[in-house]
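Structure provided below as structure tokens; questions to follow.
Chain naming follows the written order as A, B and C, and within any one chain the residues start at number 1.
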Amino acid sequence: MKLKSTILAGTAVALLGSSALAADMTIVSWGGAYSASQNNAYHKPYMEMNPDVNIINDESSAEAVAKLRAMNEAGNITWDLVDVVASDAIRLCDEGLALEINPDTDLAAAPDGTPASEDFGDLLVSECFIPQIVYSTTFGFRSDIAEWNGKEPDDICDVFDLETFPGKRSLEKRPINNVEWALLCDGVAKEDVYDVLETEEGLDRALAKLDTIKDQVVWWSAGAETPQLLADKEVVIGSTYNGRLFALIEEQKQPVKMLWDAQVFDLDGWIVPAGLPDDRKAAVMEYVKFATDTQRLADQAKYISYGPARASSAPLVGKHADLGIDMAPHMPTDPNNAKNTFLYNYEWWADYRDDLDAKFQAWLAK
Amino acid sequence: MSETATEQVLTTKDGRPLKASLARALRREKLRALVLIAPLLIFVLLTFVAPIADMLFRSVENSIVEDTLPQTVNALQDWDPSSGEVPGEPVFAALAADLQVAVDLKTHTRLGSRLNYEKTGISSLFRKTGRRVKKMTEPPYKEQFLKADKKWGQVDTWQTLKQFSPRYTDGYFLSSLDAERTSEGLQMKPEDEQIYLLLFGRTMMLSIAITVSCLLLGYPIAFLLAQLPLRTSNLLMILVLLPFWTSLLVRTSAWKVLLQQQGVINDFLVWIGLISDANRLVMINNQTGTIIAMTHILLPFMILPLYSVMKTISPTYVRAAKSLGATDWTAFWRVYFPQSVPGIGAGAVLVFILAIGYYITPELVGGTSGIFISNRIAYHISSSLNWGLAAALGTLLLAAVMILFIVYDKIVGIDNVKLG
Amino acid sequence: MKKGVGDLMPSNRGASVRYENVQKSYDGEILVVKNLNLDIPPGEFLTMLGPSGSGKTTCLMMLAGFEPATHGEIFLNDRPINNVPPHKRGIGMVFQNYALFPHMSVAENLAFPLQVRNVGKAEQEEKVKRALEMVELGDFGNRRPAQLSGGQQQRVAVARALVFDPELVLMDEPLGALDKQLREQMQYEIKHIHENLGVTVVYVTHDQTEALTMSDRVAVFNDGVIQQLSTPDSLYEDPQNSFVAQFIGENNKLSGKVIGVSGNECLVELDDGTQLKADKVNVNAVGDRTTLSLRPERVEFEPASSMENLVQGRIEELIYLGDHIRVRMSVAGNDEFIVKVRNRGERRKLETGETVPIGWAINDCKALDAVA
């Protein structure tokens, strides 16, 4: 008798709990400083405005693609909103794992009335992708290397110049960006890079160029590695996301400088998982509308040096919330930094990623 | 068989045959045992057997093509790739009809991703064509398709489609073995794409190296622990188990700090003058790093079974050997060591199997020469979403372990393994 | 052995062993062996007997070389061996649980001491064969120890300890794990092997029957000291102190005080006032407290009046044991006084509660040191 009543009570609590859960919203992101910036710029103000919504942070973005697929196969989507890079968004969209959105109805217009589709412009690289920030993969170098005799790298090809700039480099353990840089420094014009890469010889050319520095390269797979390697003097120059280098230089005050030349722009943003129940979908779409408006995107730049994805947000970027320094000059999109930039070709990589990755890994393993 | 058994069936007092009675009594026992193990059995079935079966299935499963393009697959049956010509209008018409449905269901891009693993470019081909297919309402379709993307006019595209139209495929397994099926039949992939056999080989070699170094380092420690009084050995055992108390990532990062070129060990070696500042040792981001870090992580798995087996070896055996005239070394080698072999077997199997499946540590400290096949499996699971290939690689790894087990059984004997 | 073992094994001279002022402590606080002096002549079968913790096994281990002596010196054939490692001492040893190597066959076990001595292959085989025959296990060479019975394993262990013709064999409670019947059989076999081979045997046991059956001499250990070293019969007949009297065989204790001494005899007054005469063994002077020791089978019922010691006893309990009757009596305040009466069938039936006269000779009653 007692057991029975305990079970009943337990069921009641569970039912109450699940009704309370209805207001929970699980938002998946990358963790660390990036999640913190989203928390400050989006989550906190939204929860203040909507006390009945409780945002739960999940730091699983790195394995989001696989997990979304697994959730989809299991028919139980536990995430409401997922922060992914653009290429993953394309992949998820192709796989039918992300919801297609209509920018003009689902997203807020700019303060001056410009529709979202125009405000975001070219950055809407997939039907499912809601851009949030522009970041770049670029190089940082140590400014205290005696062997460099006072010279500082100012060109992407200095990365391949072991004579003037001896020392180890760190590069990402995947072909994306590396093969483009290699071809640029092998004399291929920027606009021809992908046409050349499409051919067998083009890739060989890129790998041959990379071969010239291969034994001086430490390959990274997590964005935090290059800043650590630079701080430890394990490498003298290395690629990573510009926000990581900002933290290394401005927050940790390491003797490291930015090499903005041929930085590769990439996008990060939201996707809404496909197959959400209507009530959850409605709740998350309301959040997305708020979190991607002009002011919110500009606010995020107070906490991290990534450029807002809306054109209308750029003039609103102010000072860093803690350091008090002007953030605009640290944005990858700042005209001084963006003299020579390279645009990642999503469509192309969606086709060639598997093929090139296999060849690149085979080359690495040799 | 004794004759009485056939002539006269033994019965219990109430006249039942004795055998039936016994079986009845035993059946209840068996049922009881079954009920007791049922929770575990169900647990294992759900969490272990089912996923493995699913993995085996995924490595050959390929129903997506037929499910998405049923009419096209059917129409393609009569097409001969060796004719060198793209299929005719009926096939294009079927494709148009299939795609109309697929676009509504948004499954065409998914099929594109699947076929892109086999032939680069199909992903965008399907994406692009999907946007246009709604407008294709009137024949002739062939022209319209060719206008949408010229790849529809290439035999290769159609050959891939035809080749991967059956519900089951050996394509993933061929890829796992660096092979492929081309128009000229089965052959190895171009050399610049071969990687999996190399990685399989390397995974085996490094795992063996890790197992051997665990054995070399762990045996003396286990020996010492087994000789010491229980209280002291318990204390030391805590030290052995200490690595388990910190997270894998923390430990691996600690190895980075120690082993990197500007790291503690190199600094020390430079400081004592053993190596010059310019010639700092490279001990991480290569195979050495993987072996060192993994040996550290897996060492307890060698020490524990060794220790528990050694603990059961009575010290009188060594004493007996010495009293019979054996030197310390002979007594150890001829008498103690053979009795510790089951522990070595258990420890080695444990370490080897754990090593073969590791990927986090090799990823972090292995550089390019110290990574394992598991790193590629993880990549295909979490990054490229090529789960079929990941499943095939996993299946092959499982098969390799099984084969090694059988070899081990033949050489050492599986009953010569004990955990204590 | 039923056969002449001497024909099978070449008899070799035994070694002599001498302990000189040997002391042993494990923890630096307690001496487990206190100043041991012991001389074992060649060919002797000496048993170290004592309760557990008495130091006997430690003495054996020091001789084998597995425990270093804390102080003093041990000599083997008059050669000091303190610094000789065990494998160079050439001593055969049989362990309590046989310590047969489980991963080797019986023949390999036997060949082991020969192999480490670099004995030639042919000679090895010959010796192993002979040793197996000696212990009547000729067909068991290819078996693993685990496939043998306890008694067979025991024989293999003995054979292994002898196969390399040692002059000295140590046995550490070798029969402890066997059942009673097998143990008795093995006692005789070991005794015969010893007699035939002439080796010196140092045998450790806590079983007095074993000690008495097999030994030339027995050293009774207690508390790290040899309490008595003598032949089995004098150990029984002439115990030198209460411990030995108590430890060897059955014994009645009566405590009292010496009130008179004349020559080898003394007069003792028990605590209830009874006066008895006894052999003066371990008492010195009038006034000493003493314990009288008396074997149960030496007490007579209804003795002749010429008996030196005569007392009255009340029968408390009778236990019929076939060949004899065990009578528990109350004598001079001792309720545990045991008398063994031989069952001749002619004696009148004893009754519980009956008070009867009993008596014994002076020689059978030893005045020993007092026990608390």
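Just so it is clear, contacts are C-beta pairs under 8 Å (C-beta built on N, C-alpha and C of every residue); 3 or more make two chains touch, one makes a residue touch a chain.
Here's who's who by UniProt: A = Extracellular solute-binding protein; B = ABC transporter permease subunit.
Predicted, not measured: the structure shown is a model, and the values here were computed from it.
**Student:** If I count C-beta pairs in contact for every pair of chains, which pair wins?
**Tutor:** Ranked by contacting C-beta pairs, first place goes to A-B.
**Student:** Average the CA atoms of each chain to get its centre, and name the chain whose centre is farthest from that of chain B.
**Tutor:** Between chain B and every other chain, the largest centroid distance is to C.
**Student:** Hey, which chain is the most central one here, using CA centres?
**Tutor:** B
**Student:** Distance from the CA centroid of chain A to that of chain B, rounded to the nearest Å?
**Tutor:** 31
**Student:** If you average the CA atoms of chain B and of chain C, how far apart do the two points sit, in angstrom?
**Tutor:** 65
**Student:** Report the inter-centroid distance (CA atoms only) between chain A and chain C in whole Å.
**Tutor:** 87
**Student:** Chain C touches which residues of chain B in the complex?
**Tutor:** 314, 316-317, 319-328, 330-331, 334-335, 338-339
**Student:** Which residues, counting only chain A, touch chain B once they are in their complex?
**Tutor:** On the chain A side, the touching residues are 62-63, 65-66, 69, 91, 93-96, 100, 168, 173, 204, 218-219, 221, 232-234, 347-348, 350-355, 357-359, 361-365.
**Student:** For the complex, give me every residue of chain B touching chain A.
**Tutor:** By the definition above, chain B touches chain A via 106-107, 109-110, 112-113, 116-117, 120-124, 127, 192-195, 198-199, 202, 260-263, 285, 363-364, 367-369, 371, 376, 379, 381-387.
**Student:** Spell out the residues on chain C that touch chain B in their complex, using ranges where they run on.
**Tutor:** 64-66, 85-93, 95-97, 99, 101-103, 112-113, 116-117, 160-161, 164, 170
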